[in-house]
Amino acid sequence: MSEHTEQGGNAGHVVPVSTYVLVFFALMAGTALTTGVAYIDLGRWNTVVALAIAVTKMMLVVLFFMHAKYATGLTRIVILAGFFWLGIMITLSCSDELTRTWEIVPKGWNVIVPFVSRLF
Amino acid sequence: MSTAQAVPAESSVNYLNANYGIKSWLLTFDHKRIGLLYLASITLMFFVGGVPAVLMRLHLIEPQGALFEPETYNKLFSTHGIIMVFFFLVPSIPATLGNFLIPLMIGARDVAFPKLNLMSWYLFIIGALFALYATLSGGVDTGWTFYPPYSSSYSQTHVVAVALGVFIAGFSSILTGLNFIVTIHKMRAPGLTWFRLPLFIWAMYATSLIFVLGTPVIAVTLLLLGAERILHVGIFDPAVGGDPLLFQHLFWFYSHPAVYIMILPGMGVVSELVTAFSRKKIFGYSFVAFSSLSIAVISFVVWGHHMFVTGQSVYAGLVFSVLSFLVAIPSAIKVFNWTATLYRGSISYEAPMLYALGFIGLFTIGGLTGLFLASLATDVHLNGTYFIVAHFHYVMVGGAVMAYLGGIHYWWPKITGRLYPDLWARIAAAIIFIGFNLTFFPQFVLGYLGMPRRYAVYPAEFQVLNVMSSAGASILGIGYLIPLIYLTWSMRYGPVASSNPWRAKGLEWTIPSPPPTENFTEIPIVTEEAYNYPVAEPRKYPSAPGVARV
Amino acid sequence: MMIGFIESGLNSVRGAAAMFPLQPPAASSIAEGVDKLYLALTGITLFFSVLIFSIIFYFMVKYRRRSDDEIAAETHTSMVLELGWTIIPSLICVVLFVWSSTLYVRNSRPPAASTEIFVIGKQWMWHLQHSEGPREINELHVPVGVPVKLTMTSQDVIHDFYIPAFRVKKDVLPGRYSSIWFQATETGTYHLFCAQYCGTNHSEMIGWVYVMTPTDYAAWLAGGEKTESLAEQGQRLFIQFDCGSCHVAGGGGRGPSLAGLYGKPEKLASGETRVVDESLIRQAILVPNSVHMPSYQEIMPTYQGQIDEEQILQLIAYVKSLGSEERNGK
Amino acid sequence: MSELAAHGTHPPGFAHQFETVGQQREAGRLGMWVFLVTEILFFGGMFASYTIYRALHYESFVTGSHLLEVKFGATNTYVLICSSLTMALAIRSAQTGKRKGQIILWLILTMIFGALFLGLKLRFEWYRDYVDGIVPGINWAYNGPHAPGVQMFMCFYFFMTGLHALHMVAGLGVLTVLVIMTARNKFSPEYYAPLEISGLYWHFVDIVWIFLFALLYLIGGRYPGS
């Protein structure tokens, strides 16, 4: 599967056309699926499903089209750092925005559940 | 390490005399020349931002305001803040010393992307021109924080032009940070492992992380603010369900880490200075190195302490408070390690060392007073008062600017190939230290007494302390002018510097002063740790040839 | 003779302290706690600053370079030291966090039986409205020893209500209510500042807080023009806007009865349960559909633009008074 | 520059500050990934605001979402996925040393899909929105339920899709340059870094759209009564 065009690990990885086509069809199917699911009443889960499919599609693009699957550890750390920091921003701003109306100090899961469920 | 051949600067071709003319500067891709372009432009911005500060202190001598209408005063503090934060402090050490030194210190011929580097400078200049245009054509009166709905719906001044300037200058930061990260990862000389890097490089790496991860957020936030102001649509405006506090969250997501953009490079400089002038390996290398990284990371999770009194939820307040305390620890580790480095050293007191010691002292006070603001109960009283003003000036001026000046003095012989009069430099350092404390210490007291910041007029009982502060400011102002004069003088008339006038360690001191355009004739192979000063007791320090001293 | 000397010395120190106060007047029940924490923090700051400064100074002198060719002696990184100056500051921070947060959380909750005063900030003045009716501008009269709760909102930009002597401060935001409370402990006159930059005359958005003995305060309330109480003003508005045609007292109308509603948790159509407080009533008047109750139709029109912040406060006071009447009746 | 002679022959596209071709390629790749991280946080600022406001004004956002037509959003998603595939194939052609005609073909196809995306967006969405009066700040005539919240949703819709479209336009510019460079025989299996790096950017813009489609068009579902 791996076919290097140059000496050492620097060279770009050549991905077989079949893999690209497979990923392509998976992406198309994912789009059809997410569109279709939107017309079924799943309550709160509609958003969860839509986001889950979007994340899966993103993973496919990042891993195969963008060659992250064949990239160095450093590249992967860079990608993860981006999402980690996005996570920091969203979580901590929500920790204020979504808890302002709280009257009583909720305990344990009582904190997490209403907090998370408001996002979906 | 390849040994230095101290070539007399006059006779050799170096980056300064390789070619001449405006074009050779404005179209240069040489990181050293770009560093100097930044040096010139931010020095200009420093004095542009300094004039309003002087006028403000003069105005505040009298409780009713000695000089201006409140409207003008508001524009003065806004201009001072915007210029100093976005156009001086943020680019100060990274863009000048960072650009100049990173390739030299890691044994590279240039940064990874020289064209991008020049583009960063042009973006900075374009951003600065917008800010200057806005200032000259009537100014802006929102403060550097641009809080809506005042900035989006009520202010009658040039908010959009300034925001655009900051937006564009932001991209300059992003590209600089990107360039540095790639350079430090990919351009290190053979043998120069991460734990052999000078601590300045670690600090610049941590700074670049903040540039890259924080700056895009302020960019998009200002974009949203501009759109709200131009199109009159509701994003942060509560009149249509928007939340003005969301702006503050996004703003401080960048602007709190931005404080560390200002101080981390200063910490890096001080690590270099303390080792060079005590001729010792740094105490606790890995602790100092990792504290830089942890400061960079923690800086992103503490922003809510700017919002303890804004009506942020109590729960978020508690989370942000505990995280804010966390950032004190790596800072403390650094201070203790610098102090311990002095132990049994061979300490000399040239001007750069005076700045470095001044930095440690002032940063200690600045950092410790931060504890008052991380503590929820005291922050409620102190937030929005002069206590805040004093605290962040201790960190940013007492800290960052002292380190910047120390660094400029330390590497000046390398940059220009000339020495400056050390006596004058020491006098200036002392004047700045004294002037600084006289200016800002009274403001701690003012803040505790309850005087709010951004007040054009104030109750008469605060006058004594305000006059003290203004008196100190006049000393501080003079202090800043002295280096400008003798450094400019030395460029032409200063004694010629050897390649290593301080007998310091580091790759940058192994090449001629000023360095040749390609930095290293042969890329060095590094075989030793940073700051590997000789230690065996009876041996004499080997004399470097061609040392010239004032 | 000696004693007299010391006394005169002390007096001159006191005189200097009066000229150079290092502490603002402390005139509320929470001021002492905050000041203690402040003092502790100052102590920590002084201790570490002095420590660092003296060590540096000592090393500077002791290890000064005596000849140009001198080299340093070898030292090694000590794990004990590194851990020591990591752990000790961490412990100090933990103590400070717990101390300050306990104080903050305790200070953030007003006692149940607080006198209520409403504050509206606008460029560049403070409107203060007592429940009993009197209105003030840039002046606030409060009785000593009674907990006072301020419910605050802004008509334009963000302001900040700050009384240094009480150690209380809170941003006053447009579009929502924020609140603080205090219990004055010393009679006197104290500064009131706006501490969030709000435009041209920000520094003139200041005033005075007069803390009076209860009898003086009662006299002050009784004096001046006879005004309706806030709830009575709200009731007039309630009639004027014909709110009662839907919100029929005793229930059965197209909207919920408002009696006894205040302070009760209510399940909303969105599935959320919220306590009926000032913010919720305000939202119900301005954006009714966002908080409507499941058993009623979404028919209430918005009153956005037809009613100002002051009138909303009057209506809130009226709704609250309905609650208390019902409870009194039981 | 003068010491380049020391490195023997000058490989195509080799810059003087690097020691080896591999170093240069890795630097370029890392640089682009770091840039994409800044892009994540750039769009992230909007995603964060969107998430918070959506949580606070859920019903308004659902109402606003229903003003958008899923069929156009979905079509454009398909179009962008196609363009991502052709972009990947263009790079592969260069990697494996195919004739330049083939590389150009894939690049042009990518550009056609990109332009198609923008065309659809402009003609069938933004233009109609403008006619229908649901463009906040420019032509706003909406008077249905939840008007303030819907306006806020539409603001975010236009900012996010607008910024995304700007990135597409920039990408089309980059692709044009790549076509010219390919035509001038700049690329070979040894040197195709500009293609590879631009590809990363193009795929990233695709990913942003994948999320925009899910968040803007599909939230709250499209089933009757949602």
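All chains are identified by letter, namely A, B, C and D, in their written order; residue positions are counted from 1 within each chain.
Keep this in mind: a contact is a pair of C-beta atoms (placed from the backbone, for glycine too) under 8 Å apart; a residue touches a chain by one contact, two chains touch by 3 or more.
The model shown is predicted, which means the values in this text are computed figures rather than measured ones.
Trainee: Point out which chain occupies the most central position, where each centre is the mean of Cα atoms.
Mentor: Of all chains shown, the one whose C-alpha centroid lies nearest the global centroid is B.
Trainee: Looking only at C-beta pair counts, which chain-chain interface has the most contacts?
Mentor: Maximum number of inter-chain contact pairs occurs for B-C.
Trainee: So, what's the distance in Å between the C-alpha centres of subunit C and subunit A?
Mentor: Centre-to-centre distance between subunit A and subunit C: 42 Å.
Trainee: How many Å are there between the centre of subunit B and the centre of subunit C, using C-alpha atoms for each centre?
Mentor: So the centroids are 35 Å from each other.
Trainee: Residues of subunit D that contact two or more other chains, please.
Mentor: 23, 26, 30, 34, 37, 41, 44-45, 48, 52, 56-57, 148
Trainee: Could you check subunit B for residues that touch two or more other chains and list them?
Mentor: Expected reply: 185, 213, 217, 241, 243, 245-246, 250, 253, 311.
Trainee: Two-or-more-chain contact residues of subunit C, please, as numbers and ranges.
Mentor: 287
Trainee: In the complex of these two chains, what residues of subunit D are touching subunit B?
Mentor: That would be residues 1-3, 15-19, 23, 26-27, 30-31, 34-35, 37-39, 41-46, 48-49, 52-53, 56-57, 60, 136-138, 148-149, 151-152, 155, 159 of subunit D.
Trainee: Which residues of subunit D touch subunit A in their complex?
Mentor: Counting only subunit D, the residues touching subunit A are 21-23, 25-26, 29-30, 33-34, 36-37, 40-41, 44-45, 47-48, 51-52, 55-56, 70, 74, 77-78, 81-82, 84-85, 87-89, 91-92, 95-97, 189-190, 192, 196, 199-200, 203-204, 206-207, 210-211, 213-215, 217-223, 225-226.
Trainee: Taking the touch rule as given, give the residues of subunit C at its contact with subunit D in the complex, in rising order.
Mentor: For this pair, the touching residues of subunit C are 270, 287, 289-290, 298.
Trainee: For subunit A, which residues are in contact with subunit D within the complex?
Mentor: 5-6, 8, 10-12, 14-15, 17, 20-21, 23-24, 27-28, 31-32, 34-35, 38-42, 46-47, 50-51, 53-54, 57-58, 61-62, 64-66, 71-72, 74-75, 78-79, 81-83, 85-86, 89-90, 93-94, 97-98, 118-119
Trainee: Note which residues of subunit B are touching subunit C in the complex, please.
Mentor: 70-71, 74, 141-143, 145, 147, 149-150, 153-155, 238-239, 241, 244-245, 278-280, 283-285, 287, 309-311, 314, 317-318, 321-322, 325-326, 328-329, 332-333, 335-337, 339-340, 342-349, 357, 360-361, 364-365, 368-369, 371-372, 374-378, 380-381, 383-385, 445, 448-450, 452-459, 461, 464, 533-537, 539-541, 543
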